[in-house]
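Here's the structure we're looking at; comments come further down.
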Amino acid sequence: MQQKQVHYSDYLQLDKILNAQVLESDLLQQHAHDEMLFIVIHQAYELWFKQLLYEVDSVAAIMQKPALNDNSPELQTVVHRLNRTVTILKVLVHQIDIMETMTPMDFLDFRDMLRPASGFQSWQFKLVEAKLGLKYQQRHAQEYYISQLRQEHIDIIRRVESEKSFIELLNAWLERMPFFEEGENWKHYKPVSGAPAAGGNDPFWADYRAIYSGGLAEAEQSNQQYFDTVFSDGSSPAQEGRQLSPRACRAALFIMLYRGYPILQLPFQLLNSLLEIDEQLSTWRYRHMSMVHRMIGTRIGTGGSTGRDYLKGALDKHYIFAEIARLTSFLIERRKLPVLSPEMEKRLGFVG
Amino acid sequence: MQQKQVHYSDYLQLDKILNAQVLESDLLQQHAHDEMLFIVIHQAYELWFKQLLYEVDSVAAIMQKPALNDNSPELQTVVHRLNRTVTILKVLVHQIDIMETMTPMDFLDFRDMLRPASGFQSWQFKLVEAKLGLKYQQRHAQEYYISQLRQEHIDIIRRVESEKSFIELLNAWLERMPFFEEGENWKHYKPVSGAPAAGGNDPFWADYRAIYSGGLAEAEQSNQQYFDTVFSDGSSPAQEGRQLSPRACRAALFIMLYRGYPILQLPFQLLNSLLEIDEQLSTWRYRHMSMVHRMIGTRIGTGGSTGRDYLKGALDKHYIFAEIARLTSFLIERRKLPVLSPEMEKRLGFVG
Amino acid sequence: MQQKQVHYSDYLQLDKILNAQVLESDLLQQHAHDEMLFIVIHQAYELWFKQLLYEVDSVAAIMQKPALNDNSPELQTVVHRLNRTVTILKVLVHQIDIMETMTPMDFLDFRDMLRPASGFQSWQFKLVEAKLGLKYQQRHAQEYYISQLRQEHIDIIRRVESEKSFIELLNAWLERMPFFEEGENWKHYKPVSGAPAAGGNDPFWADYRAIYSGGLAEAEQSNQQYFDTVFSDGSSPAQEGRQLSPRACRAALFIMLYRGYPILQLPFQLLNSLLEIDEQLSTWRYRHMSMVHRMIGTRIGTGGSTGRDYLKGALDKHYIFAEIARLTSFLIERRKLPVLSPEMEKRLGFVG
Amino acid sequence: MQQKQVHYSDYLQLDKILNAQVLESDLLQQHAHDEMLFIVIHQAYELWFKQLLYEVDSVAAIMQKPALNDNSPELQTVVHRLNRTVTILKVLVHQIDIMETMTPMDFLDFRDMLRPASGFQSWQFKLVEAKLGLKYQQRHAQEYYISQLRQEHIDIIRRVESEKSFIELLNAWLERMPFFEEGENWKHYKPVSGAPAAGGNDPFWADYRAIYSGGLAEAEQSNQQYFDTVFSDGSSPAQEGRQLSPRACRAALFIMLYRGYPILQLPFQLLNSLLEIDEQLSTWRYRHMSMVHRMIGTRIGTGGSTGRDYLKGALDKHYIFAEIARLTSFLIERRKLPVLSPEMEKRLGFVG
């Protein structure tokens, strides 16, 4: 059978893409040159948001499989696509440079014509955040946020919020890492500190806690309590306000500490790519906020908000993988690390 | 009268934009994950190409006005929009990073399904080149280029090629710069070298030619002949194979040399932005070529070309403002510049 | 006389530059690979800080001349060098990507060996801020900041703080812009609103205030009071806590509003480049803060600070040209702008 | 024992770094403002070149170990540091933006004072190329290149050229990859095509060759011969003009094809990072060439070369990992890949 002939313009549906720019200022017969840029850049952003959703969905689908660590190429795929997400976000940050070629006076030429439309109505970006793990109650200015969206989009986001987010899948994956099952590895571990067991029953973490405590300066003592909160088993899977359980946190910290072992190399890359995603999202929010401030100052945005203040509030609260980031506080120097037994080392490596 | 309510999704026609991605691999029931990226990135490129065309059209419209140099804000607008074009091109170059997250093996999953579509079928990019000033006969591999396009797009490009391009408008603008009309300025100029007049009848250029010649090293003598070709008046407005006339070239060089005078500041910025556009276009072609090579090696592209070789041929030939760039060869040190008379200086400044 | 022969290595003093890396971890015989990167990147930053100081000094020297606006190329030079400063800052922001290739575990290998050295001891960066206009009392955590520096560097910064900063020179330059001298221009202005004079005695600003007020939404009324604070003449040159006088602010706003006139084009570019400098400085601080957080979490920095909190405090307070940025709040649509008289327009243009 | 107190300025030897800028134009009492930038940017480049050498040396030291693939963290370290090299090169490319803020006229102010110094005298960059694998005879314009360097630097480069370069170490590492030893794996492979053995004696490559040939279009037949050249064993370890042996090439292609298996994941990342290094080096050379052209046009460089032509010649010839890049031409679609036996799959995975 003959495959059909594909043409670039049809394949990319350029008739749709290139005919989707109608300027309000033209409709009102007051042509404002820069409105075209305003439309095109937002469309470009939305195209990329669609791609981000597509990638996040695809990695979530993989993370949902129960047997992810078996000898499959899938963890590699997860890392690869998360790194792609980072690369896309870097271009989205850079793209703000283009928006900044629009001066405030040029924006004023058509700004009032857009009311009450607003960038806050970009439900796709909110969906990206929700899929990664940002909960409704963690959001800054929740009511305002809801008031800006159409019911159909609120419904989509709500449904996503009720499903397992990426960070929840990550938590489950960390919890079931085969290396960490009870009794299997730790029985080979030779305790050194004689410290009482903490963070579960195994002596490894008791040793680790003792070494960590010994290295804390006086002014850092609050980290000690935080350590116990993060790593010691409580009754609930993850404590109030946290999305990662003590068991998952122990696994994540272990990965950071012993990342050199073959079986931990990709898991380490995965954790690292999540921190990069958060950093790029955060840089994007920051530059976006600065740009809005530069564009409208202390005036009210087209959607009725004091745009910059909303964005500023989101800056601190919308970190999604903050619990991973904070594990950095609990690292100790490589030369002080508890020594693993040969049996453990073997299990962390390739077939000999 | 109540203005109608605008909503973000409607305003941006997101129903069109976000529903224009149909994967060939899905139609053939062999889903290839990375095809979505392939579609989205090309659509993003085409959106930005539309914006580039829009900006180039707008500056060409301004350059067409006969009285551009009168006290109007329009030259500023030209410079501003050309700088925006540079900023957009920088993001387009950066965007190649995203494409490079697709490995050759991932591309192979759907590459054959796209035949005979090809990036060479992007008529918008060719239109950008044509509007700026690239002629059909200057193009590398002309027949191949024609064979890839639909008749309707060939017609559009041909029509544009028959109209005044930006570089032709630039030539006209440089030729009629008010400062350079015969007799008006140069009569105040005090010749120093006693060299015979060159490049028109005025003694300024005779002096300049003498100073320039004196600074050439032996190995650079070929520049002398090139100097005379570029600057001395011949019968035709611009010599065979050139798009800028001697008169226009003299104006452009004068702007570079005496850019400090108020009336020359924006003209200098304009010339500079054109060189930046060429450089970004060229960087884009170069990275594009490298990316294609990395993706398909020495295989034949989906459109039937040896992709990389075509792109490589374009690299050297598609400089649009090369004649401006080469004027750099004719600069002399500031401290050797012919001194202008007070009358001339006055005409180059603001109202006193 | 024969000019001496210059060699690349001697000219660049590469013997000094390339032999200035001694690793503490080597001295302690515990070689930590990444310490070399740590040293080199900080040296690269300090080289660029030296260049920033050099450029800021050079533009300040120009701004100090009393007759800057006469037909000289110098304002162009100021804009050019400020734009270079922006370009350098963009690379400095990008350079953080390199630092982020150092993982927290790799940093731990030598972190303790550096105490009590700290990035806060970079006096050159503080000097850049001080020269631009950041006052000691505006700084976040002043005592900590002083405690980190050597007396000789404190002395340098103090001396700079006592001299005219760039923003003060800017204020003086704006105040004496020739276009704004009393009686000269405004006598030709035809008032329209009949509003009582505000912001000095001239009717132009009375009109402007009336138009601006008419466009404010109810929720934006606080801008009205702020408008009067910023623009109306008080007794002191600049009010408490402000570095720009009402007269200078009026000139700056006028430049933004009527930037199209030839004489205002470079002044507009100058104001714009200052906003870009602030934005890049701010992006640098933000990414720097994120990077420190990612590197040490909630631990204490080598210099004894909770690094991230200090940096976070600086984020909001260290905007230098915030008063320029906030003028954006006072713009009105182009089509509502008061019409200037032909006499005024003539004075804003080139020689006819 | 008390550790000594470290101070930022001493640690970074800022007295050396910040006092190594002496302007020739100052010595000649003709201060040229932009010469400072010229010095500082070259010093920044040389600092980073030193870092590149340091990283390349460190990965070469690891690659030299005979037992690299045993369960050690070292391959991860190699990949990590090569990726850092890429990150550094990206900043070096970006840094050209700063150089481009120097206009040709500004360069002319001090250009002649630098003769005969020239960027070609940067021996560190040549050393980076040599350490990675660029041979003297592969260099463009070899005599010119030698004529520019001091004997001591020529000696250093020559010595490096006589040692094992990174690409030679890579070749050895690929050749001895444990998976590929004769008889061990391939005996489990089930041949399908019945094609005669090629590329060694094993039936896997005979099958692969048959599948590959079947997918070649008529115009691509030259790839077939190239395939046999690259993969089939000849007498010498690597054929004339090649740095990778057929055995090493087979290993590299196998890694690209089956990169999903755990044991191949890092080797794939390693190959990929080498292609990125080449691409960044090449982009750097391209932008450097464009910048030189823009700066001096067709004039002779300070070192006596027609700068741009030299740089242009290097562009095509100085690819170091071109043999890896060209393997892309030999990929086949994933769904056509020969199926590995369970025994082989097991050897490609982690401990079960």
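Note that the chains take the letters A, B, C and D in the order they are written out, and that residue 1 is the start of every chain.
The rule is short, and it goes like this: a residue touches a chain if its C-beta (ideal position, glycine included) is under 8 Å from a C-beta of that chain, and two chains touch if they have at least 3 such contacts.
Since we're looking at a predicted model, the values are computed, not measured.
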item: Far-end chain from chain A, centres as C-alpha averages; value: B
item: Which of A-C and A-D has more C-beta contact pairs; value: A-C
item: Separation of mean Cα positions, chain B and chain A [Å, integer]; value: 40
item: Chain centre separation (chain A, chain C; CA means) in Å; value: 32
item: Per-residue overlap in chain A, given as positions that touch at least 2 other chains; value: 259
item: In the complex with chain C, residue positions of chain D that touch it; value: 3, 5-9, 11-14, 16-22, 24, 33, 36-37, 39-40, 42-44, 46-48, 50-51, 54, 58, 80, 83-84, 87-88, 90-91, 94-95, 97-98, 101, 113-119, 121-124, 150
item: Residues on chain D engaged by chain A in the complex (per definition of touch); value: 71-73, 76-77, 259-263, 265-266, 345-352
item: Residues on chain C engaged by chain A in the complex (per definition of touch); value: 30, 103-105, 108-109, 112, 217, 219-220, 222-223, 226, 256-257, 259, 272, 275, 279, 282-283, 286-287, 290, 293-300, 304, 325-335
